[in-house]
Structures are given as C-alpha cells and as structure tokens.
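Think of it as A, B, C and D in the order they're written, each chain with its own count starting at 1.
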C-alpha cells in the first residue's frame, strides 16, 4: 500500500465522494472519519450539506478530534439542540448516517452490545445511543477500522443496529423500508450489497490489497469478481483539501490511524 | 426594599452538606440519573460524594452517553442495574462496566436513546408514557424492559410506549447558578439536563461558579434549568473534572486514560486492588474538592484544561 | 363604599391574604388583579412564593399592566420557558391559579366560550387557553370585575373551566379530585362554597354593600347568614405596599378599575 | 477559503417574493399556523401578505393566544375553520371572530392549549400522537375534534390522544435571523415558535433585522429556530407591528384599539364597509412595508414603541 495517505484519510475520501449536495446527515460519537468525510464533501462538492441530528447544527470544527460530539470538537455551530430535538430527528431520519461495530456480519448487521450469550457475554461492548438513524435514515454507511475474521462474521451475536437482517424477506417482516447500509468500508476493501440477497459483495480492493487476503480475513463468504476493481485512491486535490481545510492537525494523518 | 416577614430561602448548600442531602433524597435501590454527556458536563464531584454516602443497589440512568463516572460508580460496587444506552470512554471500553456485566454482577439492560429520552419526556410532560415509533429490527427493542408495543389510535404504524421515567435523584453540573437553584449552562451543548431536571423527583446540582441572582435576572433566556426544578445547589470548582465543563475547562483525557488503564489491568487480573487504591486516593480519601484537586496534581494540571477550552 | 381604595385594589388585597409562603402559582392572560395579588403576597408575608406556569419564572414587573403575559409586563424574570414546559406544568398543576368568566354559575363553573347555543351563539367569547390549571391545581380563585344577573347565573351555557359542575357527585364522576374553586371574589362580596352542596354561599359583604343588593344582582339562590360578615378592608399597610412596591403606576388605583 | 464547486444556497427572499412563496407552499383550504402570542411576536406583516395572496378557506392554528392578526384574516374572509384556544385582544373581544362565529360563517372549534401544543409536540417529535391526561369536566374536551379517549398502557388514568398537527404553512416572526434561515429571538418569551417550526411542513419567517451568519455562529445557543427548519426568511422592519417585537418595539395598543373600534362598529351595524376600508388602507393598498409604515403615521408613530421597549 501507499504511504501517500493513511487508512483514515482513504476512508474519509471514499465516504465524502458518496455524499450529495443538499443532503442532511450526521455522525455519531467517536466519529472522526465520518465527520472528516462530511466536512470534506462540503469543502469539495457539496456546500449545501446540512449537518444536523446530533444536538448541533452545521458545526465549524477548527480541527478534528477522536470524538466529534462535544464543544471542543464543534468549534462553533449555527444552533444548539438537545436530546428532545434529537428524539424528533431520530423519528424523521436523516439522509445519511454512519455506524461502526464490534461485529459486522454478512448482511450488514451491527453488534455493539455483546459477544457471546446476552446474560453472560464474553465481551460486553458499549451499546449504542442511537439505533434509529440506521432504521429511519435514507441510507447509512458502515465503517470499520479493522477487518479480520473476528469482527467480520457470518451473523452477529446481537443486532444492535439492523442492517439487512437475514435478507429481503426478514427486512420486510421487521418493517425496515429504507435503503439500509449502502457500503461497508474497511481498511482492505469496499463492500456493497447484492440486491438479490442483500449480502455483502466485494466492490473494490484498496490499492495494495488482494482478493485472497480479504477472503482469508473475512468470516463469511462473499461474492466477488475474480479480478476485482481497485478502489480509486484519493486524488492530490482531495488530500490537499482534507489536510489543509478539514484536518489541519493531522488527526487522520499517516501514523495516527492504523494502516494495513 | 420589601417589608416581607422573612427572606427568601436559599437552596445553596455547603460541601459538607452534600452527603446528607443525597441521603435525604436517595435510599438504597433508588434510581439515579446523571446529566452531561460522555466526557462533558458530568456531575462527577457529586458522583464521588454519592459513592462516599455508601448508598448502594442503585438503578442507574443517564443521558444517552456515559462513561467515566458510571464506571467509577460500578467500580465502587454501588450499582445493581443500569439503563444506559451507550457506556464508553469513546476511544475504549469502560473496564468496570464491562467486567461487572461479564461476571454477571450487574444487570445492564438493552436500552437506546429514545427509551431514556422518551421516558424523561413523558415525566417532564406529566403524562404516563411517550409514544415511540422509530424502532424496527433491533434486538435492543425486543429486550428493552421499558418498551411496550401498543396499538396506535391513528393509523396502523407499529408503535411502542415508554413509561415515564421519574428518577428519585437527578445529579447535574452546570457552569453557573445562583443560590435559588437557577442553573446556567454556558456550554454550546446542554444534553438532556433540562429534561432531567423537569422529570426528576429530586435534583441536586453542582456549579463551577455561584453567581448573584442579579446575573440570572439580566439574561433569563440564558437560564437552562429554572430554580423551581432544583432542590439544592452547591458550588464546586472543577466539579465536572475529569470531564469537561465548557467553556471553563476541557476534559482531562490523560486522567481518564490512567483510570481506564488501571481498571482494565484489574479486570484482566481479576483483582480489585487497583480500583480500591484509586477510590481511596481520589474518592474516599480527599476531604473536599480542594484535596481532590491537589491529589490530581493541583492547578498545574488544571490550567492546561482551562487553556484548551479557551481555544474552541 | 370607600374612596380609600378601588375595587381592583380590594380584590388584589383579598386574594393576596390567602396565598401562602412557599406555594407555586401563576396568573393567566389579562391578569392584572391576580398578578397584583401574587406580588403583594410576596412583598407582605410570602417571600417564597414561586411564580411559574406561564412561560416565565419569578418575574420582576416594574409596574402592572392590563395583561401580565408579555415581556413588557415581566420586566425581567429568572427563567424563560415555552409552551412545551407549560404543557408539563398543566399536567402537574400548581398550588393556585385564577380564573374569570363571561358567565359564572352557582357551582363555580366558568364559561368563556359562548352564550346561547354552541353552533350559533348570541355571544362568542374568547375561549380559554388553559383549562387544565383549574382542574389540576390544588385550588383556584374566581375573580369577577362585574357582578350582575347577566354574568352570575344558575348554570353556565358552556363549561369552559369546570368548577364544581353540579355538585359533589358530578365532580367525582368527572374525575375532579382537587379542591377546585375556593373563593369567588366580586366587586360586591366574597363567596365561598358550601361543603355539602358545593354551591356558592355568601362569605362576606364588602364595606358599603348589602345583602339585598347582592341577592338582587345575583342570578342564583345562595345561602347567607342573615347578618353577613363584612369583608375586612385593606389595611393602611397593605395599601401602602400595594401602591409603592407592586403598583407604582396606579394601574389598579381608583378611577382606573371600575368601582361599585 | 474552500474550493467548493458552488456557494451555499441562501433562503433569503425579497419583499416581492413573499406572495409567490406563500402560494408555493400554501393552497386554498390549507392549514396555517401563526407564531407569537396575543400582542407579541406575531408575524403580522406575513399575515397581511397572506391576505393579499387571496388564499382562502384556511384552517387556522396559532400558539394558544391570538388576537389582532387572526381577526384581520377573518375580517378579510380568508378563514373557514379555526383551531384557536383563546381569541382575544385581552382587554376586549375580537370583533370579526365573534361576528363570524355568531353569524355561522366560520367553524370555531373548542380547543385548548394542550390540544394545540400537544399536537405540535407530536409532530415535532415525529410520533403519531401525544398523550394528554389533564382534562376533566370541561365541555372543551367533549367537543374537541382533536381529542380521542384512549386506554393507558400503564395504569388506568383517563387519557386522551391528540394527533400530530403538521401545519402546511407556519408563519413566524423573530427579531433577528440570517440568510440561511437561522432565527434568533431576543425577546424573553418565545412562545411555541420553535415547536411550530419543527412541526410545520413549510416555514416562512420574517425578521426585523437580517444579521450576518457570523453573528449566529458567535452565539449558537441564542438561535431559537435552526435554519434546517426554515424554508424562507425575509427582512421586514417592524414586521410584527402592531404587535410587539421585544426588545425592539412594544405593542401599538392604540392602533389595535382603532381597528377593534371600527370592526366592532361594523359588526353591530351589520356592515362590512368599515373593515373593507381598513383592509384597503393597511393591507391591500400599501405596496410594501414602508408604505404600510407611512400609512400608520411613519416613524413618528413608531419611535415611542421602540422607546417603550427599551424601558422594560
């Protein structure tokens, strides 16, 4: 792989490209990469993205922090809201949101609660504050900062945020009517979802990574082109704006986020 | 000058009265709800006092994001049940919460933000429940003891009711407040603090700085929690430490990291010695807030947090 | 009657005497007399009365106005609320509240909506914003600035705010569990309520008024002692505090509110 | 400097665009909801523009206290149905409302504050209904078309449901706002304005003074209605006149009295001539806000209102 950019920078650029002008969205807590993506999209091609849904509207961060959900991270913003307004946003949904997980499964379901049995888990995770944005928003993105057989599993032990559950029928039965997860971005590759099965399939390999490697490191079977596409790496322009406008302190920079 | 038969009662208490006040409003097994969010605006000094009271078997609520302070309460063995959506130090797990759940020592319910916020809304609004419609497909919904499916009187959308949550004891921290309990958050985010104050049965608040009532009267829209909802207020400088109290001071990340490191080491070793020593040093030992601040390094350690908060 | 004080001043003093230290209450819109009473009680004997329930907490009016529900009337206050918080106060109730009416009946029911048939009334009144404080508060007071057979009637045409409905049984059936109306204060007299029937009965005649006059001007029969008590008029001290502290502009003063 | 492909869209409209904007969001028979309260913070200039559009058969909502502006809309024959808790000039009746109801020309529902506020809360919260428990014994409850008895899922307290109220068109007035629709009330009371903005399908706001976005960013907690809820904003000096816009200017009591006198005279005489002349002079005739202000006496009439507001 390249030393030109870090994994965090790559994921932020990939996410930013998919955000559209005029959309409204938010990132949750511990949202360094998603918030970088939103800020980059605003700076590059989507000046009318509205950031709302997490108790502040259109923040102006002076720099990026690991958590993007406090006054230090906000810088300032155009309006302050509270959990009461968040309750309303959670019902109406946003255009886009982001989730990560302890476990992520073949259908894009996310587990942030517990590995092992619910009553006596081998690992109790943090849980999640907001499980509704994934359900009510037009779409969401899954981001993973590691990609191994331990966290990419066939079926999560606990569904914190539903992705595609067990496929189209189960989604419909549960009352899930939005797009759900669009892409899952990992340090190795980009997955999207087969429209028939709603299982992950390989969309592109990041430069320097191989299909064999991804198969070996993924705990479920996924469809893939024998000669997969290569992820279009960040352009010089994307990296310049990311580093000068969005992330001047280098929170995403090489050495600060894990590289694979 | 008014010829009143007596003066207006103050709700201001001194540091020595915090424990007795918490014991007056709380009891073993009562519900406690904490304001702020993650590493900001948490009533951590009041939580340390709560630990010192010895009240136990607490049923713990919080705004939807909690971390250091609930982990401290759990480490001290004070908690029986948690109704907490997210319990995390954001960049890492909460070691004591994780350990206590994995060992089966506490019951940690599957709850999300809409459960807690909806229940507090119902209580604040004075109605028995809040309708919630935005749940589908999650195991959080199906395991949630506070979510009950109901039929909608309008349309056939799947619908739940969350019962009113009226915590016995709400603990809040604000940047400023007056002796009548009027609280003024100066931070940009104010979380669910006002909602909790309206929902709670008893509300105790710490403020970094006590201000005159005249200061409150000069900016009534700046009052985030009206004194009518507050039972007692106490001035505690750096009362949110190690969490932030913007714009007065930022979070003390390294202090939280050091706690997490030793609590995690204890969890892995199956040992309580690390946490016991920590509690003695920072919670049970210090006689007051100034002792606590000395124990963590004094103003030398605090000044950088103030400076960071000035450069938002 | 005396020229020492106006009817407005008299009613404000009478109401103030009944408010207790430490209670929480509010006055609605067009609440000159009730707000004067609260401010007087705070100044005289009840410094811990909390004024809350109408979107502001503990106002500091510099003077009295006809409406006491706007920024001009507030002066300033300790906290600003909105209709969302008012919704909660309405459910929890206050210690005391005040109502007036187009029609007031023998059981203390209040009509602010319509005289005559609902669909084609001969008089359509303003209605009422808050009908719940009367139901949910510990008690309320009825104030009337006129007292004739036209507005004091046997049964109101429309119950805007329930008083005692048709008596104890009907109150219980309707789910009314609080004290309801304690006194009805008019320019002529004070009524309270017979605990057996919950109908108005004469409590005292204001100085200068007679039982015959009140019987003649009231559209329902009421119990009365043949030699009714006389209302204790405002003391010099009460008038001094009222005029210097509460009402320096003389909004209640003789000549400004109707005298009878 | 950001290398964006284009600038951020402004929501600012000019005076000439108000009518077309209202026609874009509204239609005959639509629901309109007005902010402010009684004689304060009402969007009266926008109401005059609404009358000029000719939109009719309106279903009228408001914060629980309304007066002059709804009476004007009714006088102009634009209203079919009202869902208004209190309709009053506070010291006297609203003559046009009263006359129209007494003549059977409009349907004026029996509604209270909890109905309107509860319905707006449900809409703002994104749920189908709001539970209401504080009704007993009133004919307002039994005649209220928006109150439906429901069984409580918790306990057996008598309970009602009010369906979500999502007005087609919400009109607001604030003291300040920026071109992106962020509104900033400087008044102490802010009524139900923020709630309406969150509940409404389309929101149009007038502001006394347009301010730069930077002013909004300097005090985010001062923003009372976030721009995300607002579709269009227009600067209209004295846009709330004759109601108050504290702390900029107080209510013009004598202007309201003069209207009430003539409308009441018309009602008693069974004549529409008085109101027709008034509408021509103050609503249909003036080409813009400055014409309107001249018609009422110019700055000579306005300066005392500004002065009064400085001495609260």
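Convention: a residue touches a chain if its C-beta (ideal position, glycine included) is under 8 Å from a C-beta of that chain, and two chains touch if they have at least 3 such contacts.
These numbers come from a predicted model, not from an experiment.
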Pair joined by the larger number of C-beta contacts - A-B, B-C: A-B
Where in A-D, B-C or A-B does the C-D interface recur, with over half of the contact pairs identical by residue number? A-B
Would you mind pulling out the distance in Å between where the CA atoms of subunit A average out and where those of subunit B do? 29
Per the centroid of Cα atoms for each chain, what is the distance between subunit B and subunit D, given in Å? 39
What's the distance between the Cα centroids of subunit A and subunit C, rounded to whole Å? 60
Multi-chain contact sites of subunit A, meaning residues that touch two or more partners: 56, 76-77, 80, 84, 87, 90-91
Two or more other chains are touched by the subunit B residues 121, 125-127, 133-134, 188, 190, 220-221
Spell out the part of subunit B that touches subunit C in their complex, as residue ranges. 2-9, 124-127, 180, 182, 198, 213, 216-218, 220-221, 223, 225-228
Sort out for me which residues of subunit A touch subunit D in the complex. 21-22, 24, 42-48, 50, 52, 56-58, 60, 76-81, 84-85, 87-92, 237, 241, 245
Interface residues, subunit B side, partner subunit D - complex: 121-122, 125-134, 148, 150, 152-155, 157, 159, 161, 163-164, 185, 188, 190, 220-222
Name, in rising order, each residue of subunit A that touches subunit B in their complex. 29-30, 55-56, 62, 66-67, 69-72, 74-77, 80, 82-84, 86-87, 90-91, 93, 113-114, 118-132, 135-136, 158-162, 165, 171, 174-176
Which residues, counting only subunit B, touch subunit A once they are in their complex? 37-40, 63-65, 84-88, 90-91, 93-94, 97-98, 101-102, 104, 108, 110-114, 117-118, 121, 133-141, 143, 158, 187-192, 194-195, 244, 246-247, 250-251, 308-309, 311-312
